[in-house]
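Each of the next two complexes has chain A plus one other chain: chain B in the first, chain C in the second.
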Partner chain A sequence: MLLNVENLSLSLKKDGSYLKILDDVSFQVEKGETLGIVGESGCGKSMTALSIMRLLPDKAKLEGKVNLEKKEITALSKKQLEKIRGNQISMIFQDPLTSLNPLHSVGKQIGEALYLHTELSKIERKQRVVHLLKEVGLPRADEIVNEYPHQLSGGMRQRVMIAIAMACNPRLLICDEPTTALDVTVQAQILDLMNKLKQMNDMGIIMITHDLGVVAEVCDRVIVMYAGKVVEQGMAEELFANPKHPYTIGLMQSIPKLGERKNQLGSIPGTVPSPKNMPLGCRFADRCNKAMDICRGKQPSTVEVGPNHTAACWLYEEKGVGRYDASRGERSEATFHH
Partner chain B sequence: MTLLEVKDLKQHFTINKGFLGKKTTVKAVDGVSFSVNEGETLGIVGESGCGKSSLGRSILRLIEPTSGEIKYKGKNITDLKGKDLKDLRKEMQIVFQDPFASLNPRNTVRDILEAPLIIHGVGNRKQRLEMIENLIGKIGLRKEQLSNFPHEFSGGQRQRIGIARALTLNPKLIIADEPVSALDVSVQSQVLNLMSSLQEEFGLSYVFISHDLSVVQHISDRVAVMYLGKIVELAEVDELYSNPQHPYTKALLSAVPVPDPKQKRDRIILQGDLPSPVNQPTGCTFHTRCPMATAECKTIVPELREKSFGHWTACIHV
Partner chain C sequence: MDAIQYISKRLLLMIPILFGISVLTFFISHTIPGDPARLILGPKADPVIIKELQEKMGLNDPVYVQYGRYVSGILQGDLGNSTYTQQAVVNDLKRYFPATLELTLFSMIITVLVGIPFGIISANKKDKIPDQITRFAALIGVAMPAFWLGIILLLFFYLQLGVLPGAGRLDTWVSPPAHITGMYTIDALLTGNWPVFQSAFIHLILPGITQAAVTIGMITRMTRSSMLEVLRSDYVRTAYAKGGSQNRVLYGHALQNGMMPILTLIGMTFGHSLGGSVLVESVFSWPGLGKYAVNAITYLDFPAVMGVTLLIAVLFIFVNLIIDIFYQVIDPRLKYE
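== the complex of A and B ==
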């Protein structure tokens, strides 16, 4: 196992009080595996990534464990962490323009990671930078080394970001919406490149995205997040063929699919609850068309709903509740007593 | 019946380049022709910088087109001025992409919705408020929320307010410029459904501008694909998606990620990026990235031709 995240909770201080942004998030990433984290804005998917990297604001309270290759990294000091960041774990952000420094040449920004984490000489570093630029598929790598971010297009900038992230052959690459700012034809190029790099380097990838299409294209396994909690987890094929949590089902029905025309799209009524007043029970209950009394009173625990497939939903809890009949899309027995 | 007809519309911008202010021209829209029928949705799809937003704005005359002709209900509106232009604006409205930037943060929803009515001198205050209250229910908000400010609403709700504002004057044509791209998928589908039902209720025509091919397919009756200021293909939605002819449309469709891991497709991955509209390639502007390009493509500018009934393509190899 490459990465093991256990019971991760995160609270951020806002207006004098702590707001719980992540609540008991657990997942694993294997070597050579791409894990997708999907969810809508505000569900905590980006904060999960930043918690792993510990790129958090000062007054953040982080609980839980993060193990990288069996080494606990939550307790490390700032200095020790710096050795890991950009070296064993690197990250690619959504907007390649704001994450590159406009004042430094592309070559200098890629070389920085090598300067910090390797013993390479200046000449060796330059060679490696050119090699990296070629590896991420940039044409005229020898010239681009000396160019500045504004001279490159959006797709090329994202390739530079990938080159920076790949500079030290990381074990784990975290990508936060890496293609959201790009056009579809360029997105296809970048996803293609990432697949190639993963095969070459045998690293693990965490792909954070709101786009279920991207998840289906590149991910082996998927976790679905809602309001700071993991609501469903499974292998990509299984999860797309057989979604269990009402939120996942709603999400899948609300995207228009290419080659399929419907008069009305499915939709989820309402909006995501704010962390200021999180419901006591299941956080999706207010928007859920299958909500029962218990859903509003008590949080569901995570239960197995298929092979290597879990969901946190009262519909699947054995005790006290009618069994959920997935083929009929409804519960067979609707009574429940507190 | 044809509601809107656009003929050879050009929208060129002059920009100063460099220290000495050398002037160059950006051909944002370069000879676009199409029509929109009553009650129809025309989707306009393309990547960033292809000129789809400039096109939407020049139809409304929010920016003055360089040349070409725009006909609304058979009447040439390209040179309308003053009161005539103002009257025309009652008929055509726009919904913008960013629901955060397009609503004035200092005004309540009531003020925002009343403004168009005041500008066009519709009714007295009591009648106007009645109209607004009527409208707000149709977009799924409550009357009490009329006194709230934009920041009190979520992105989806704000976009509904933007749509309501466009509807206050009972327009016939709505230009929707990326109306759902700032929204989350579950909210996006709410807004798309709302737009469909409003279209039926009010008999609206939409020009729906978007970069998202799946969304455009869902909402449109006909679709135009744009590349660097030109329409490269235009057809009925089912025809275009099942039988794309232009190599750009083919590549675009094959690049869309499909939410089904079992479906493995042969991708056409285009090389390079969209060329800058300042330095457009000669001949067919797509030849620099086209897998089918030949020497002729560098010199011959392909015309948009009807290859089969209602299916228009601009490529010399089709």
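== the complex of A and C ==
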């Protein structure tokens, strides 16, 4: 197992009080696997990524465990984290223009990762940078080394970001909406490139996105998040063919399909509840068309709903498909006792 | 456009600006009431002699004739004679200006070395104790009158402790170094004259700190607000994600991006300090341009007033040109637009 996230909870301080942003999130990433994390904005996808990188604000309270191979990331000191970031775990962000330093040349920005994590000499670093630029499919690599982000197009900038992330051959690559700010044609190229790099380096990828098209294209496995909790988890094909959680079903119905003309696209009414007043029971209950009385009163636990497929929903728990604890048993608030 | 073209264009643009400044100061100083001839000769002078002197100084000619005469003088490097010191204004400026420039440079160095790191610390520790302390200190620095701080420093370090000198540019038993730039510390270094350098340097400390107090406060506050904005940006997060240490991110990525407004303010305060150091110069008996200018104004010494004004204007433009060139060096997106 490459990455193991166990019972991760995150609270951020806002206006004097702590708000729980992530609640008991658990998942794994295997070597050579792409895990998709999907959900609406504000459901905690990006915060999950930043928690793994430990790139959180000072006043954040992080509970639970994150292990990368045998290293427990949640127990590392600042200095130890600096050695891991950009080296064993890299991250690509949504907007490549604002994520690159406008005042540093492309070569300097990629070279910095090499400078921080390798013993390469200046000349070797420069050679490696040019090699990386070619690897991410940039033409005229020799010239682009000396150019600045503002001279490049959006797709080229994202390729530069990927080159920075790939500089030290990371074990895990976290992509936070890497194609959202790009043209559709460029999106496909970038996704292809990431698939290619994954195979070349045998690394794991976490792909955070709200675009189910991206998930279908690159992800092996998917977790669906809602309001800071994992509500469904399964292999991508299984999840698309057989979504279980009403929220996942709602998400699937909101994708327009070619050839089908509907007057109205499926949409989920309402909005994500704010961390300030989280409902006591299932967090999706207020927007769910199948909600029952029990949904509003108690939180559902995670149950197995298919092969390698789990969901946290009362619908399946009552049918008795069998209980399954993704988080090793003890869940004090998930009380389901007959 | 390349650098040389850009600089020469900017230098050419100085000409109309200087023309405007010279016209303005000349006409203002020549239309205010007050007769330099009377001032020179004193209240009991014979009217005939006054008339003679007015004629000799050209005060009866129309203003534009006087201006023409003045400009043709400037073009030959002649700023006229001071009516108060009876010296050529050019020579007076050569004598007093290096002292002011030295003091201003020294206080700007203190400002930059103290103000920018304080601002960065303040922004990085926003709302924590280091930030509160820095902000409070910056506020005091800005709010405290320079002459008052100067007197307090004098009382403490000169009178009480006796560790630092209180007046002038050198100890009385030290003779000034050979005149190269007119700035004693630099001239002493250039000639390798160590004792003179020491003496000149310790004389700079108290007036330098006094003058820097206000500007440190301003630069700290500007750095703080500029850095706060930069630290929120995505590329700072990228730099941390690459594995950069805090210092590396702060000084290697964030500061450079937050430098523009700080540079602008440095340029402004530099120009301002050059012209406005008269209070500090008075407290520390610093023989500089500020005191010279105030005397010139008190005695309606028009040539001296004009000379000082023009010199400061030229320097102000020059400093801002240097700042503009710095912008281009820092930000590749500008490239001599």
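We adopt the following convention: the second predicted complex is superposed on the first by the 316 of 338 C-alpha atoms of A that agree within 3 Å, B and C clash if a C-alpha of one lies under 4 Å from a C-alpha of the other, contacts with A are read in each partner's own complex, and residues count from 1 in each chain.
Simple rule for what comes next: contacts are C-beta pairs under 8 Å (C-beta built on N, C-alpha and C of every residue); 3 or more make two chains touch, one makes a residue touch a chain.
Computed from a predicted model, the values in this text were never measured in an experiment.
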| item | value |
| --- | --- |
| Contacts of A:S121 with chain B and chain C, given as first, second, both or neither | neither |
| Touch count on chain A, higher of chain B and chain C | B |
| Touching partner for A:M252 - first (chain B), second (chain C), both, neither | first |
| Partner chain in contact with A:R85 - chain B first, chain C second, else both or neither | second |
| On chain A, the residue positions that both chain B and chain C contact, one per complex | none |
| In the complex, chain A residues that touch chain B | 40-41, 153-156, 183-189, 191-192, 210-217, 219, 236-237, 240-241, 250-259, 261-269, 271 |
| Touch list for chain C against partner chain A, complex | 233-235, 237-246, 253, 256-257, 330-333 |
| For the chain A and chain C complex, residues of the former touching the latter | 53, 55, 78-79, 82-87, 90-91, 93, 95, 98-105, 112-113, 116-117, 148, 150, 161, 164 |
| Residues of chain B defined as touching chain A within the complex | 47-48, 154, 156-157, 184-190, 192-193, 196, 211, 213-215, 217-218, 237-238, 241-242, 251-263, 267, 269-270, 273-274 |
